[in-house]
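After this come two complexes, each holding subunit A, first together with subunit B and then together with subunit C.
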Partner chain A sequence: MNLSQDELRSMYRTMVSIRNFEETVKQAFAKGHIPGFVHLYVGEEAIATGVCTALRASDTITSTHRGHGHCIAKGCDMNSMMAEIYGKATGLCKGKGGSMHIADVGKGMLGANGIVGGGPPLACGAGLTSVVTGSGDVCACFFGDGACEQGTFHESANLAAIWNLPVIFVAENNGYAQSTPATYHCAIENIAERAASYGIPGAVVDGSDVFAVHEAAVEAVKRARAGQGPSLLECKTYRHHGHFEGDQQTYKDDLYKSVSQGKDSIRDFRALVTQHGWFTAEELDAIDREAEQAVEEALAFAESSPVPQVEEVTSDVYVSYP
Partner chain B sequence: MAVATAARTITIAEALNESIRLEMRADPKIVIMGEDIAGGAQVEHLEDDEAWGGVMGVTKGLVHEFGRERVLDTPISEAAFIGAAVGAAATGLRPIAELMFCGFLGSCLDSLLNQGSKLRYMFGGKAMVPVTIRTMIGGGFRAAAQHAQTLYPMFANIPGLKVVAPSNAADAKGLLTASIRDDDPVIFCEHITMYTMKGEVPGGEHIVPIGKAAIARPGSDVTLLGVSLTAVHALKAAESLAEEGIDAEVIDLRTVSPLDEETILASVQKTGRLVIVDEANPLCGLASHIAGMVASRGFHWLRAPVGMVTAPHSPVPFSPVLEDAYLPNPEKVVAAVKETCAHAS
Partner chain C sequence: MSKVGIVANPASGRDIRRLVAQAWVVSNQEKSALTARLLRGLEAAGVEQVLYMPEPAGICPKACQKMGSTRLRVCPLEIPVSGGPQDSTRAAAAMVEARVGCIVTLGGDGTNRAVFKGSGSEVPLLPISTGTNNVFSEFHEGTSAGLAAGLLATGRTDRDTACTRSKVLWLHDPSGVVDLALVDLAVTTRTFIGARAIWEVDNLKELFLTRAQPWSIGLSAIGGFVETVTAESPRGLHLVFGPGGRRVTAPLGPGLFREISISAVHQLALGEKKPLEMREPVTLAFDGERDRLAVTGEELEVRLSSEGPWVVDTARAATAGLRAGD
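Right, the complex of A and B next:
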C-alpha cells in the first residue's frame, strides 16, 4: 500500500468527520433546526475520502444533492459548511445555497447540485479549463446511480472521451434513485460497463473499502493527468439513511438493510490498520474525539452565527448589472 | 377505492388524486408516469399503498388500482420520459407525466419547447398532443434556487402550451380533469406549499374550464389579481383591507394561458385600480404582461398606476429570512394596495 502514515491518518479523520457531521446534521434536522431538505452521506464515506485523497488541492470536484461528504473530503471548512446548512450569513454561500447547493470554489468544490445529472457537464468544463490553461489539474465528478440515466451523463462521458479531458467519473451506486431500485432503473448490472461504449476504462470497486476506492482513483487520476483522458469508476455502496431526512424507506428490502448494516468503512479501516500495527486503537480513538469536537464546534458556530441581511436577496445575481 | 359522490372537505393532494383516479377509470388510454410516481418499482415486499406515490404522495394508491402497466415509475431521465409522454400523446395515448419540480424543465426543455408545443402547428394541424404535465412550482419550503422556482411565465411564453395553476382544492380537481381531457398539451402547476390545504370539493365528475378566471371575492375599490398561492395571498389581503374600509375585488386567474383578458378588463372597468400579485420573476413575466394588456386595452379606466407585487429579479434564496423577504405575502399586497389607492383619481 502506497500510503504514508500521514495520509492514512488524514483518510481516517476525513471518514469519521463525515460520519460525525452527518449524524449531527440528522439530529439537528430532526429538532427542526435545519430548514429545507437534507440528504445524508452516511455509508458512503469511503468514496469521497478515497477519491479526494488521490487529488491535489488545485484539482476540482463536482458533487450531488448528497454533497456534505464531498465537501469535507475536499477540505471545506466544517464551521462554514454547517453555517450554510443552517442558512446563516457565515455560511460557505452566505446562506443562499443551503445543503443542496453547498460549494467552495476556492477549494475546488464546484457545488452540490439539486439537479440530478447536473454535475457531469460541469466536470467536462473543468477538464477543458485544465487542458486549455495547461494546469494539469483533474476533475473528479461524483454522481449517483440515478444520474447515470440522465442524458447529461452519457453526453458528458462521450464528450470527455473525444476531447480527452482529465475527468474521473465516479458513480456512487447506492442501489436506489430515491425509492426506485437500480435493478429497475438501469438495464445492466454494472454502470462501469458503459465505459466500453465511450471507449474509456471502466472499473467496479467496493465503495465501502477506502483502500480499493483510493487505488482505483489513483490509477484514473494518473491517466487523466498524463493526458490519457477520462475514466469511469463505479463504487458499489449503501445509503444507510433515507433519500432525504424524513423518508421512511419502506422500499428497502431486508437484504439491502442487512448488507448495508454490515458495511462500515470506518470499522473496516480500524480493523485493518490496527491489525497491521500501523495505528493503535488509542490513536484512532483520539482522532475520533478530535473529529467529534470539530463537529461540535461547527454546530455551535452555526447556531450562534447571524442570519443574512435581507439586502442579500438581490446581491450576487450578476457581476455587474446593468 | 370508492370515490365520494357528494361534496366534502379534502386536501388539494387528495383532490388531484381523485381527478386522476376518475379519469383513469373512464379512459383506458390514460397512463401516468414520473419519478417514484408509484414508487419502489420491483420491490417485492412493498405493498402498493406503502410506496411513495410521488414525492408529495399525490398519486399514492393509484398503482394499486391501475397496476404498473398504467402507473409507470421512470428512471431519473426527464428528457426521455417527458419526451415519451409527448410521443405517446401524439400517437393515441393521453398521458399524465409528473415533472417533479418545474426547475427540472432544464432537463427536458426540448420535449416541450421544440416538440410537444409545436408538433400540431408544424404538421399543419394534422397531429394533436393531449398530454398533461403536472409540475411543482413555488417557494416557502426552503428548497433553494433550483427547487423553488415559479416558471409559469416561461411555459406561457411558448405558443402551443396551455398553462394552468389552481389555488384551491375544488379547482385543483376540476382544472386537472379539464387538463387531462384537453386535446392540447397542458402544463399543470401545483404549488409546493399548498398540497395539504383543504377545501370543499364536489364528488364525482367535476370540471372547471381552462381559460376562465374566477372572481374569488367581489369588490368595488381595487382589483387584486393572483394565481395559485398568490390568489390566496390576495384573498387574505382583501380581508384585512376590508377592515380598513377598502373593498377589494379578487381575481383568481386559474389559467395563465390562455389568459382570460375579459374578466380582468371588466373588473378594472369597475374598480379603476389594479394590483397584480405574482410569485414569478418580474422581467417579461406574468405581472408585466397583464399590466401591459390592461394599459393597452383598458388604460382609460385606470385611476392609478398598476401595482405589482412580484418576486425580485433574482434566484430563490435558501435562508428562511431571505426567502421570506423574496416571496410575495399578504402584507406586501396590502402595502401595494394602499399605495395604489393613495393616488388621486
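Right, the complex of A and C next:
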C-alpha cells in the first residue's frame, strides 16, 4: 500500500486542522469564552487521521470526551463544531451538547461522550445495525486507556466477538487516565493483549505515526468489512496538554515529558514527505495557512452566532414516537 | 564473578501481523514466567549475578516475585529507558562493559539485531523467541536455556565448544557501516516505514539473506524455497524480484502464504559487497522490519560477513558443561 498525493495531502490537512482547532480552543478557553470543560487532542492527531482515512463516508465512529479530533477527521464542519463548543444555537447539537457531546450522525460521527467507556456499547449497536441492514459499513470505536478498565469495554469486546460485529476498537493509550498512570491502573502493559481474551486479534501501533496507524486501520477495516469480525488496535500515544484545560499536569513524570516532546506526528510527516520530494515545504505551509484560516473562520462564526433561545431548552430532548 | 545479562523485550510479538496473519501473542506475563524459569536455570548452574534491561513492563522484577528466594543477585542496569529498540542496544553495551558471560534475549529477530548493535560479537547470545517470525531466535524452554547460559557464563564450557558463529549483513554508505541485519535485508518500494512488518510481496524489490531456510517463516523462507542456505553455510543469497521469473509460494508470516516471482538468484560470498540500485525512493527492512528510508541516488552497499554474533547451542552447552562437572 502506497498513498497517493491526494491522500497524503488530505492526511496532512486533517492533522494540521486538528492541531490548529485545538490550539485555538485552548486560547478561547483561557479567555473564558467557552462554557464547561474542554479536553484537547494535541499530540494524538495521527490516530483519528490514520483511522478515519481508512473509513468510507457511510462508516461510523464513536468518540470520547476528547473528541474534537475525531469529529474533524470524520469530516464534521468546523464552524458548527466550534459553535457547539461555544454553546451557540448554530452548533452541531444546537449548542446544547458542548465539547463533550458533539455529534453529527449525518457524517457518521455518533457522538463524543462525557462518560469514560461510553462509546464501546454504542459501537456495538452501530456494528449490529450494519449486520442487520447488510450495509457493509464498519464502526471505529475510539476510547482511552482509562476506558479499558471499564466494564463497558470488556462487555462490548465480548459482544462484538460473539456476534462477529464489524467494529474496530481503537484504544488511544496516552499513558494517563486523567492523572492516573496506566502503569498503575492497568495490570498489563499492552491493552492489545486483552484482545486474546475475547478471541479477536489485537495489535500495537505507534500512535504518533500516521502511516503506522493508517496501515493497521486499513487491515482492520478490511477484516471487518469482509465479515471477519472485530479487532483491537492499541495506539501508543502522548497527550501534549493536560487532561483538561487548566490541568497543571504535576503527575506527568520526566520520562513521559521528554518522550512526549520528541513525538510530533505533524513534524515527522513534514520531514518525510519533503525528504522524498513529494511536497515542498512551501506547499505544506500553504496547507497550514488554509487550515489556520478555516479555524479563524470557525472561531468568528462561533463568536458571532446566537445563543439558544430559552424556549428551546426542552426541544430535541425526547424523541417523539408515532 | 559469573554474570549473565537478560534483555527481555516487552514490545515483541505485538505488531500488525496479529491482524494480517495468524500470529500468536506471547504476553508479558508469560515472558515473566519464562524469565523465572530462566533464572532458576542460571541459579542451578551457579551464576552469581544477573543484570537485566529495565523496561516498563517489569518482566524481570515480576519474575523475581514469582521465584521467591534465590541465591542470584538480580540487578537492573542503570541506563536511561526510552521504550524503543535503542534500550536493547544500550543495555547490551552496558552488559558487555560489566563483563557478562552471556546475554539471554527474549524477543524476535529485531530484538537480537538491536542487542548485537550494542554487544558486538564477543559476548555470546542465547536468543529465546517471543516474537513473530523468528529465524535467528528459537523456541527454548526457559529452564534449560538458563542452565546452558549459566554453564557457559561460569566457565564450565567455552564459547568455541558451546556456540556457533552466525553471519551478518552490513549496510555500508560511503562513511562506513550504517546498519546491519542478522537474517534478511529487504529493499521495498513502499515509501514509508509505517507498521514496520512486511506481509505483502508486491513492494519487494531485492532481498539479501544470511540464511535461506524452507522450514522458517518470513523472508528467509522465500530464499529457502529456491535453495537452502543454513546458518552454518559459508555463503548467503541475493534475490531480485520481478515479473516473468520463477514463482514460489512461501510463508511470509504465521499461516500467511504469498506467491512471488523471483527474476534473479545470486550467490553471496562471504566478504562480497553488492551495491543497491537506488533509482527510486525505497524503504529498507532489516530482519523483517522496515526501518530506514533511502532516497534516489543514495550510495548504499550490502556486505555479507562471517563476523556476526556467537550463538549458544543449548544442547551442546549443556552436554559439554555437565560433562566437565563429572
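What we mean here is this: the second predicted complex is superposed on the first by the 319 of 322 C-alpha atoms of A that agree within 3 Å, B and C clash if a C-alpha of one lies under 4 Å from a C-alpha of the other, contacts with A are read in each partner's own complex, and residues count from 1 in each chain.
Everything that follows uses one rule, which is that a contact is a pair of C-beta atoms (placed from the backbone, for glycine too) under 8 Å apart; a residue touches a chain by one contact, two chains touch by 3 or more.
Model, not experiment: these values are computed from the prediction.
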First, second, both or neither for A:275, with subunit B first and subunit C second: second
Partner chain(s) touched by A:28 [first = subunit B, second = subunit C, both, neither]: neither
Subunit B versus subunit C, judged by how many residues of subunit A each one touches: B
Contacts of A:183 with subunit B and subunit C, given as first, second, both or neither: both
Which of subunit B and subunit C A:123 touches, first, second, both or neither: neither
Touched partner set for A:312, first subunit B, second subunit C, both or neither: first
Common interface residues of subunit A - those touching subunit B in one complex and subunit C in the other: 183
List of subunit C residues in touch with subunit A within their complex: 10-11, 14-20, 25, 27-29, 56-57, 81-83, 189-196, 200, 203, 281, 293, 295
Of all residues in subunit A, those that touch subunit B in their complex: 35-37, 87-88, 93, 95-98, 100-101, 113-117, 146-147, 149-152, 177-181, 183-186, 250-251, 253-254, 307-308, 310, 312-314, 317
Of subunit A, residues touching subunit C in the complex: 1-3, 183, 188-190, 192-193, 195-196, 201-205, 209, 211-212, 214-216, 219-220, 223, 231, 255, 259, 272, 275-277
Residues on subunit B engaged by subunit A in the complex (per definition of touch): 35-36, 39-46, 50-52, 55, 73-80, 103-104, 106-107, 141-147, 312-315, 317-322, 325-326
